[in-house]
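A, B and C label the chains in the order they appear, each numbered from 1.
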Amino acid sequence: MTPDMPSTGYSINRQVIIEFHKTIFDMEVSRIEKRFDELWPITRSITGPGFRKSLKILQEDIPLEIESIPSGTKVFDWEVPPEWQIHDAKLTGPDGTVYADINETNLAVVNYSAPVDTHLTRDELEPHLHTDPNLPDATPYVTSYYNRTWGFCLPHTVYEDLPDGEYHAYIDSEFDQDGVLNYGHTVLKGETDKEVLLSTYLCHPSMANNELSGPLVLSSLYRQLEQWDHRKYTYRFVVVPETIGSLSYLSQHGDHLANNIVAGLVLTCLGGPNDALSYKRTRQGDTLIDLLVENLDRYSEYEFEIRPFTPTGGSDERQYCSPGFNLPVGQMARTVYGNYDSYHTSHDTKKFMSIDAVSESVARIEYLLKLLEYSERYENVKPYGEPFLSKYDLYTSINSPETRSNSTDDIKNDQEDFLDKVRILLNYSDGTNSVVTIANRQGRCVDEFAPVIRRLQREGLLEVR
Amino acid sequence: MTPDMPSTGYSINRQVIIEFHKTIFDMEVSRIEKRFDELWPITRSITGPGFRKSLKILQEDIPLEIESIPSGTKVFDWEVPPEWQIHDAKLTGPDGTVYADINETNLAVVNYSAPVDTHLTRDELEPHLHTDPNLPDATPYVTSYYNRTWGFCLPHTVYEDLPDGEYHAYIDSEFDQDGVLNYGHTVLKGETDKEVLLSTYLCHPSMANNELSGPLVLSSLYRQLEQWDHRKYTYRFVVVPETIGSLSYLSQHGDHLANNIVAGLVLTCLGGPNDALSYKRTRQGDTLIDLLVENLDRYSEYEFEIRPFTPTGGSDERQYCSPGFNLPVGQMARTVYGNYDSYHTSHDTKKFMSIDAVSESVARIEYLLKLLEYSERYENVKPYGEPFLSKYDLYTSINSPETRSNSTDDIKNDQEDFLDKVRILLNYSDGTNSVVTIANRQGRCVDEFAPVIRRLQREGLLEVR
Amino acid sequence: MTPDMPSTGYSINRQVIIEFHKTIFDMEVSRIEKRFDELWPITRSITGPGFRKSLKILQEDIPLEIESIPSGTKVFDWEVPPEWQIHDAKLTGPDGTVYADINETNLAVVNYSAPVDTHLTRDELEPHLHTDPNLPDATPYVTSYYNRTWGFCLPHTVYEDLPDGEYHAYIDSEFDQDGVLNYGHTVLKGETDKEVLLSTYLCHPSMANNELSGPLVLSSLYRQLEQWDHRKYTYRFVVVPETIGSLSYLSQHGDHLANNIVAGLVLTCLGGPNDALSYKRTRQGDTLIDLLVENLDRYSEYEFEIRPFTPTGGSDERQYCSPGFNLPVGQMARTVYGNYDSYHTSHDTKKFMSIDAVSESVARIEYLLKLLEYSERYENVKPYGEPFLSKYDLYTSINSPETRSNSTDDIKNDQEDFLDKVRILLNYSDGTNSVVTIANRQGRCVDEFAPVIRRLQREGLLEVR
């Protein structure tokens, strides 16, 4: 069982999040690490057996249904590429030294390389070699999904010492025109059909922050949300290969999403040393989840780095937020792609990412989703005049100097503060103001209102709009 | 006769208000003081003979119709309570000393106390005693309308010296289930059916700023507005017991108000030492009267303290602004409840309030209402091209260096300034912009435009939208 | 042939404008000066032979159709005045000295003076004399179109030394009730019926900045725009007498303009020493051309002085922006009326105005109009997901450290920058955002997007909304 929100109704602070994290994750951390170690060595790509095997490992924690889309299927302006399978890849030098070997690291070969078995000079080899001069010890991650070519990736230091002479480039790969692209998804039913989308991608091979952190956070969130007493929203969990996977998902489920989702998050880069979560706004920019993140950042100690929406970088939110769909989907990250040196290299390891950072991200996002359930519009059932609060035991019926609400005392006692929030919610809940809007107008954090909302719902004074 | 607005058309300054005040109130001050002295000693509550008697005294100045609503009537979520009548109340100590006596001050008994005639120990008496420790010499004002109990109020200094022994608590009161709740109202017809609501409450016993100032300002405003040459709006004057009274009024007249009122003010706490009037916005926040008050505060020397709307404190505006009605009703005060120590105690006296402050509030609010009549939208009758101003003698027909309107001179003469305002009003009065909006855009005070509007209406160039 | 926009797609800077100017105007400057010299000496007014003759001179450069409206025609609230013709005007002193002579300067007589042939004393003459004391050497420009009077204008220094004695005032003018008011106009067809209005006025006699600069810029713009490869918009060129002329034009073409124009400029005061162009907003304030000018001013080195709209001063934009029409018409000037001493006097000469400044204004406004053609809303033809950019050769298909778009390098190479703009345009072009809005949101200048728009249109990915 996960703890419910603090009953005091005061604004969350750093400590609340830390406690929330501790309570839940003492056991979970070891499970997450175990799963990481299973997923790490697999040679994944946007299609192929590595991706399928990885989805099956995730099924230990989340009941994903695995779907297949045949190669060659039209997906909007795109086409599902042939399935890629790779059996071996090795670059051998004139002296017999193996300079790149998929068995050492699966980043050693350009992802989606065509097969090759040829001998060639150092000069002929040059255009097929990739390094990262800014991180000379690391093997970079290079892909070429839609332009048929082949290549090897190696540390810049190794590259600089390559001898002259004849090399043997050997890549045993194949493109299966009768193959498939796979994705996994599942739904956790709530009280309403309104959905929250949680989407991540699993195509990257042996890299940790980008991108085993995303699938690990997603599957852990499933385990947490499954235990909630009640869920107002239905939660949809989606694991795809990046870009072509979310496009495929939209081609099959886009209309459903457009009709049902109230909020969504692409989960990516959720480990790493950054302290705060880093949120990229939805394209619309002011949807419920945008406003909630802003409210927490501004009026509690739960801080975020908030980035504007942009279609020039990022991940699957670019597809969910393409103008034809324009879904209310943001992106939640922590140490963001491009903001750390080891991005897209062999240096993006478990050590850099840290299992603890991943589990803390789970706790923070779970808390955010809990608040999201209280953030939408409610409607005062008795909007003509103020309700007679004494009848619901919400009012101290004697108005003496100690209880009067116009007191100038700086410190209002809990009861007065509760009564203030009752009146604020009843007055502004006219079906047009969301709780986030109301909280913002008061300069308060949304989580202060959650316990009051529960009470007013119980008294029959407030209903979900 | 009240003076019309200054004909110069320049922005009001402190002096204008002061002169306005002087002209009107030389005679009025003594009338107001006389009425205050008649109303002060009456034991009022939200129902009962004291409230009725007070309404009748107000009828000397304003032709209020007095209405009755039977006890037990359902009013939205509320019910009109039984009528309360009190004949005597006395707390006698073991030594025969009378420690609280309604004949000394009608605050000595908890308002709406149940009858009691009993002997009890000091300890048994304790929960029935109320004091204000922050103001130990004062008797606090305590009410318990909807929770049947009884009690006495006394200075904290007296309370602290109460001897041990047997006390005699005696309250001769009754609850009449066949009684009524009363309110008074009247209407001053204007040229249109659009209404301005002026509402105040009269239920408080012997306190001055809160709340004899409100009814005194309301009845004085009636006397002033009655004398206006013409009234564009119809003015509705309402005197109720607080909360249950405005709820009752809304239950009977809410639809009418919703269809007709363009602005409204709850009048309360209009005496006291504060220099500026203190305005609490309507719930909508940007209605005509909100914008007008802002305009005056920003662009003239007529300053206001402007408070945001809140449902957590205040008076009947909370009912008028409940979400089902959401009327454009603000609250006008001066030294506001909760902002002065003597609030809701026996120290809130005529001396604290001051008759002069009350009469100055009348002058200021009357001036505000005068401007309100010019603040709404007008429509240019000849919107295609500029009208031919020479025809209306609004233009100097010779365009020489001395009269040209593009002059760079800092000091434009009156004629040029008048012409500028003619052009501004004609250009922007397209039926969507109110005069306040136009004035704000120009960084000018609304009262600069009033004489120009009158002229343009006379020429048939501008009409009320 | 005029040069197209710079192909690099980087933000315009001062140099771009200067080069643009040089390329075009080496030949044009002498043509403009020739035309100026022809127009300068003519005695113009709002009606009459001088105005007609001037229109015919402009026809050398722009195929204006000349229209006539009979005197006495009702024009909204106005009436076309009788045609004014003047043959001679002379003020002779007691000593035989001629103190004012239309043959010396046509400003010497009040424009629209009634005929007079009378002898009168110095005192009787006084109300008929006009000077500009602030510029004592200059003859002021005075008009009296609608108030039948007569008068002479002379330098204040001359006026101060006028001797006593009998003067002879002689004005040989006539008012022809069967005359006409003239204006000229022509249309340069574009690909769509959407129109851009360019309007100027020609009624001022011998003054240079105000107002031969306007007609000279207008006719030069015609010559430039005629040479464009393609015009998205249709351009309407209008030359009127000020105020009564634009009113007349609106009375005949107002409905057409209201239905078709997307932007417009009144051209006036376009010479003089000011460095930047000075733009007066449309009444609406946020139309396409307002936003474009703001964008250039903020995000390029092409600076503007931006003035708010006001109906209190200015020119024909006051008629185009009267509330009944409310057209998206701004005013483009440089050294603005009222901002220079020689305004409306004989000191407003070719030397003050400078032909070079006029020709530079042409270059700047032409550039602005070019950008305007790319500033409106476009629509992404493939809005579901991102288009598959590789198919259109818009994407580098291999994602290696050197090409990835999340690079942290400060300096993105041109290809990446181009790709960013492709994605930005495709994502935000949903039919609601104009290119100016998109550019503003990115903090970039509109002209950076123009080459990308052309490319995307060619690929069939973007179309005009």
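By definition in this document, contacts are C-beta pairs under 8 Å (C-beta built on N, C-alpha and C of every residue); 3 or more make two chains touch, one makes a residue touch a chain.
All values derive from a computational prediction rather than experimental measurement.
Taken together, the touching pairs cover every possible pairing of the chains.
Although chain B and chain C carry the same sequence, what matters here is overlap: shared residue numbers make up under half of all numbers found at their interface.
With centres defined as mean CA coordinates, chain C is found 54 Å away from chain B. Touching of two or more other chains is recorded for no residue of chain C. By the touch criterion stated above, chain B contacts chain C in their complex at residues 380, 382-388, 390-391, 397-401, 404-408, 419-420, 423-424, 426-430.
Those residues of chain C that touch chain B in the complex are listed here as 75-79, 110, 130-134, 140, 142-147, 149, 151, 243, 246-247, 250-251, 254, 283, 310-313, 318-319, 321-326, 337-339, 343-344.
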